[in-house]
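Two complexes follow with chain A in common, the first pairing it with chain B and the second with chain C.
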Partner chain A sequence: MSSDTRPKLEKKLVDMNYLLKEAPREQHFITGAQAMAEAVKRASVDMAIAYPITPQSEVMHLVGDIYAQGHIKEYYRAEEELGTMSAIAGASRAGVRLFTATSGPGLLRGLEAIVSWPGHRVPAVLGVLTRVVNAPLSIQPDNIEMAYLMHCGAVMLHAENQQDTFDMTLAAFAIAEKVDVYIPVAVATEGFFVTHAKGYVDMTPEDMALNEFDPIAAPVPAMDNETPPARIQRDAPVQKSNFMSYLIHSVWQQEIWDSNKRAMKYIYEYLGGPIEVQNPESDVFVVASGCAAAQAREAWRYAQEDGLSVGLIKVRSIRPFPIDEIREATKNAKKLIVPEHNIIGWLCTEVKAAIPNGGIVVEGPRVYGGMTLPVELIMKEIHDALGLEYDLKL
Partner chain B sequence: MNKIIERGPAGYMPDSAPSMGVELAPEGKALLYGNVVSEEEAMRDAARALLTEDNPTIFPGPQVLWDWKEDVASKAAAILDLASEIPNCKIIPMPDYRPKYPKIDVKAEINPNHPNLTILDNKIKACIFVGVHCHYANLSLRMIRAGTECYTVALCAYMGHEEAMASIRDLHAEDIQKFKEIVIEERTKLGIEWTATLPPENPSLEKEDFATLAPADYGEYRSLIMSRKGEHVAEVE
Partner chain C sequence: MSLKYITPAERFKNYLPKDYVELVDYGPFGKTQEEAGPGNMGQFKELVEEHPMCSGCWMAYFIRLIFASLPNPQETVTLGTAGCGRLAISQAAVPFIYGNYGDQNAMASGLTRAFRLRFPEKTKDVVTIAGDGGTMDIGFSMTMHSWIRGEKFTTIMLDNEVYGNTGGQSSGMSPKGAILKMAPKGKDFEKMPATELAKAAGCVYVVRLSPTNIKKAAKVIRRAIFVAREVGPTFIHAYTSCNIEYSIPTEEVFQDAKDKEKTRFQFDEYMTDAAKEVIERVEAEEKAARVARKAEKKEAVN
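The block that comes next holds the complex of A and B.
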């Protein structure tokens, strides 16, 4: 569909603080996939590129719809994920706002290109709708793929529910484009449990969108052959490593992780911080991210009803990881229970590394391969931690 | 003042300033040795370094070398004014960010992939980065701190640079003029006599004769030259 045949939309353009904190909101009952696409609709995205894979295909199908409605300037389906992610990197050189999304094996197929985005200073937003990656292959929920993404330098947010998916996706565009950050931001959430399930989402008006992308306010020059000097285009030399010292490769890597660290202040500004803490004086905390945080929240609610001294720590930001915040929040804790939707327990490893007394961390409960995470499994660990009996019935 | 970021050489593989806890200064403030201070305090320390250290040099980057947007010409003029008030100041540009092949001309330019070569060869002990895109400025400033004893000043149009000894943010032409006035004041305090003089011409750049330029003269950039309609460019490597 050419741009001539699509509607020309007039929108009120605003900054992210207004959009997230002051703009009027209306409640809708929608899926996580719809929430992500609705955020993209309000983000003045210049270009979206994707290759379909379950459960991401729901998101990018909807993004295709909003392209047809005139909310996005360009959109196409690439040949596969390595091509998709490479095309995102290429489009970014021209200085435009970009969105893509993928899932499980698609993420791993595109990973070679994705891990080069931070170094190439590609401020794209990547939706990660998680699913099983192992053999025997399955399309069911499992977030182990996030472990593969954690060490490339990208900012990573983990959405608990449909509302988080909307807010985090919007905020991701503003965080990615800050001059002192300017690296990709991944917004992850669990496939099916969030993407295909409905929840209440308070959404901003459809005719209000984020200010247009500013390619000049950037730490690297956009490749614009119409604006002299075109010769300052930036990326070819990165590949010519035989003409570069090893030191620049190392300080370049440092710069990416420094940029990741600088993103933390914007996570505070737009999302209220990298963690949410309930009952900060508790001896026992459930620490969780993403969909596991929703189950942890339910277990925490049960515990309140039973009069148990239990706290909840929801981790919103996986990268940068809130080391100082978790250390402070758990300084008096005696047990930390870390429920997860993967077999290796990547969040558990991060929490253990963040605190001085890793021995207080309970490794689990964990479910994977598409299994659901019953609240009772978390309740059992809570009771064990408090030295209480619990009759586990599933 | 506890100097978190000091002039180097910091060593083989130094920690980055942000990993040492340095954060960018908020609006209206500046960074001095990794500490948040007033803009004037940072400018005065930078001015004294530029007036007392050997071979002070300004490294202008692409954002002030080409007249590509509205505020650039006034900024560039202010930089020349500033340079003329620093005794024996040189200007060595960072015109682009590609590694120089086969070898950089260290008298003519500085490059972010090996900025220490230009600093060391010219024995530069104090320098200013201005108009260099933030990513490349950060890389250069860190490598200079790693391998040289040069005092670095960052004049940044955006949020500044943790790696510089002195970092000024949100820079406009009038901020450069203010810095120039502070340089003059500090120069007077130090008893240095100097008549405003523009820096010498860049010694290694030959005068370009645009009438005789051929596509091949553009070297690796020749692909960026668009031929006229019907023109056949035969003279290529």
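The block that comes next holds the complex of A and C.
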């Protein structure tokens, strides 16, 4: 850590509500990877740790560039994901704002550390740029890795496009650090389809950023020998007996999942809620998240043109899962079509579990291995649901 | 802030656990090594008191010694992983971070850098203390990479040559031929050359020892911490026998440590020129301060 020659930047620091809702915006035509890095640039991130994997690499290259430009205080390339995610956990104990990102197999390699972040109360933001999990090898987008992340307590947002990626990544920092949340937030979006494709993104000014991380306000004090109350471990209760160990683990995990639930109000505050509903009176809905929601939106648009009565439910938040919201939005629905970019249909499972009449859920269409999700496949299901003929041509 | 952070307001002391108040009043925080150091262990309130280690555990003794040797306990954070050691380390009166399996040096990399960015004017000592399995087997890549990256913190390996906490399995640091669990026919490869690996990976101060001499052990622990502050990664490889798994009668534990000192734990101290410079400077300063304190005392008596 030789003398720092990077430029010192003067920024106007604001709160997240101002940044997301009031700050002036200017339209840019950029990739999803750029959108994520541009959000990091505006989040007063203290430290980022990078380890390459396709298709994430682009995000962390760009984060490296913005470190060199002076927007981030510390950045380094680690040697594999378990080390990366562990270093994030270690750095978090010093009371700093952190960002990293990964993809598919990288997420799984880092998973042992990542799934312990909520328990360690690490309020870091994790970009998940989805990719196939081996084998056979493929580097293409497929969001199966999100299924592995769903049960650790972290908040999970799923971005449909480049604009979502920008807004959700920014909001993630504020949500993670709320006193009644204080757990990690993962922002997922599809590799290549979003990360390497350009879209219009309305961005806030470059010289305006989120207020700095405040370690004094943290509900779990940093282990920095500075922030009271003093945290010197005379008596580690978890070590005392099996009884204490399971008791403490269980109440701690309950608190983490309660924190996860409490994140919901901030998802309303910053992102307008966990779901978006179009044509709420419809009998048939397409329910989708991430890139599949973009394809679902396109199918919904075609259906509108054809005069079909179809609704769209885009799911923004995977954890906490919007059980009440989906149940309410679909209470009169006859069919729910759930298109996905993975083989197991994790969103389908979640939707079925959320509603009292799971039989109305159509399992698919699904594509996996990284192929695109043709709108025609969704149109076919819409027609089937409405009892109409559809000549499927792919 | 750090000393103040530990010290309660005078009137609040009445409401704090006695153990805590004694630690503040009679512990080593803010004191010199002569007042509260390895030379007078047992005569001040130590950072490690209660622990659940086995009777006759040489590791428990060495951990106690590590904590008594810390140059600045009120500015120190320790990290560790699964193993016997953490049972005592987690009950020391110094912040301890326990992550996942073998990840202590990766966590310490992040922690050290984050401390340096938040407190550029302060010295925060980061020390990882883990066993031979945590450091050289499951944590191997994270240990090596932190050294190769030149991370400025101290790594202490408590080498009992076995996975003690999980019930006596062979580790990479077990000697060749040792019959242990998971090596039922005897371990068929050599003990890993930990100190050589450390030197090759860029550690600037490396010591192998069997801690039979308190003063000497304390000196190298402190040297490792002083050098890590300024120069780069430092490594202490200490023999801390497992009297249970190696069936060493309690009364022979010390003799065993002395025997090992003559064989595979011969004292070896390596330092780079830059490390040597720091050691000479700091030890000269310490000596000057000691002399000055003595003179002051004498003055006060007269």
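For the reader, a short list of remarks on this structure follows.
Methods note: the second predicted complex is superposed on the first by the 371 of 394 C-alpha atoms of A that agree within 3 Å, B and C clash if a C-alpha of one lies under 4 Å from a C-alpha of the other, contacts with A are read in each partner's own complex, and residues count from 1 in each chain.
One rule holds in what follows: a residue touches a chain if its C-beta (ideal position, glycine included) is under 8 Å from a C-beta of that chain, and two chains touch if they have at least 3 such contacts.
Please read all numbers here as calculations on a predicted model, not as lab measurements.
Touch criterion not met for A:D207: it reaches neither chain B nor chain C. By the touch criterion defined above, A:A94 reaches chain C but does not reach chain B. Using the contact criterion defined above for the overlaid structures, shared-chain residue A:K261 touches chain B, although it does not reach chain C. In the superposition on chain A, contact of A:E328 is made with neither chain B nor chain C.
By the touch criterion defined above, A:A217 lies against chain B but remains apart from chain C after alignment on the C-alpha atoms of chain A.
When the two complexes are overlaid on their common chain A, residue A:E22 makes contact with neither chain B nor chain C.
Once the two complexes are overlaid on the shared chain, A:M47 sits against chain C while remaining clear of chain B. In the superposed model, A:A78 makes contact with chain C only, not with chain B.
When both complexes are aligned on chain A by C-alpha atoms, chain A residues 225, 227-228, 230-232, 234, 236 touch chain B in the first and chain C in the second. Contact residues of chain A toward chain C in the complex are 1, 46-47, 49, 73-74, 76, 78-80, 82-84, 86-96, 112-113, 116, 120, 215, 223-228, 230-236, 239.
Chain A contributes residues 121, 179-180, 182, 216-221, 225, 227-232, 234, 236-237, 240, 243-245, 247-248, 250-252, 254-255, 257-258, 261-262, 265 to its touches with chain B in the complex. Of all the residues in chain C, the ones that touch chain A in their complex are 1-2, 5-6, 19-20, 23, 50, 52, 74-77, 79, 87, 90-97, 99-101, 103, 106-111, 113-119, 124, 141-142, 145, 149, 152. Chain contact summary for the complex, chain B toward chain A: residues 13, 16-19, 23-24, 62, 65-66, 68-69, 95-101, 112-114, 133-136, 138-139, 142-143, 146-147, 158-159, 162, 221, 224.
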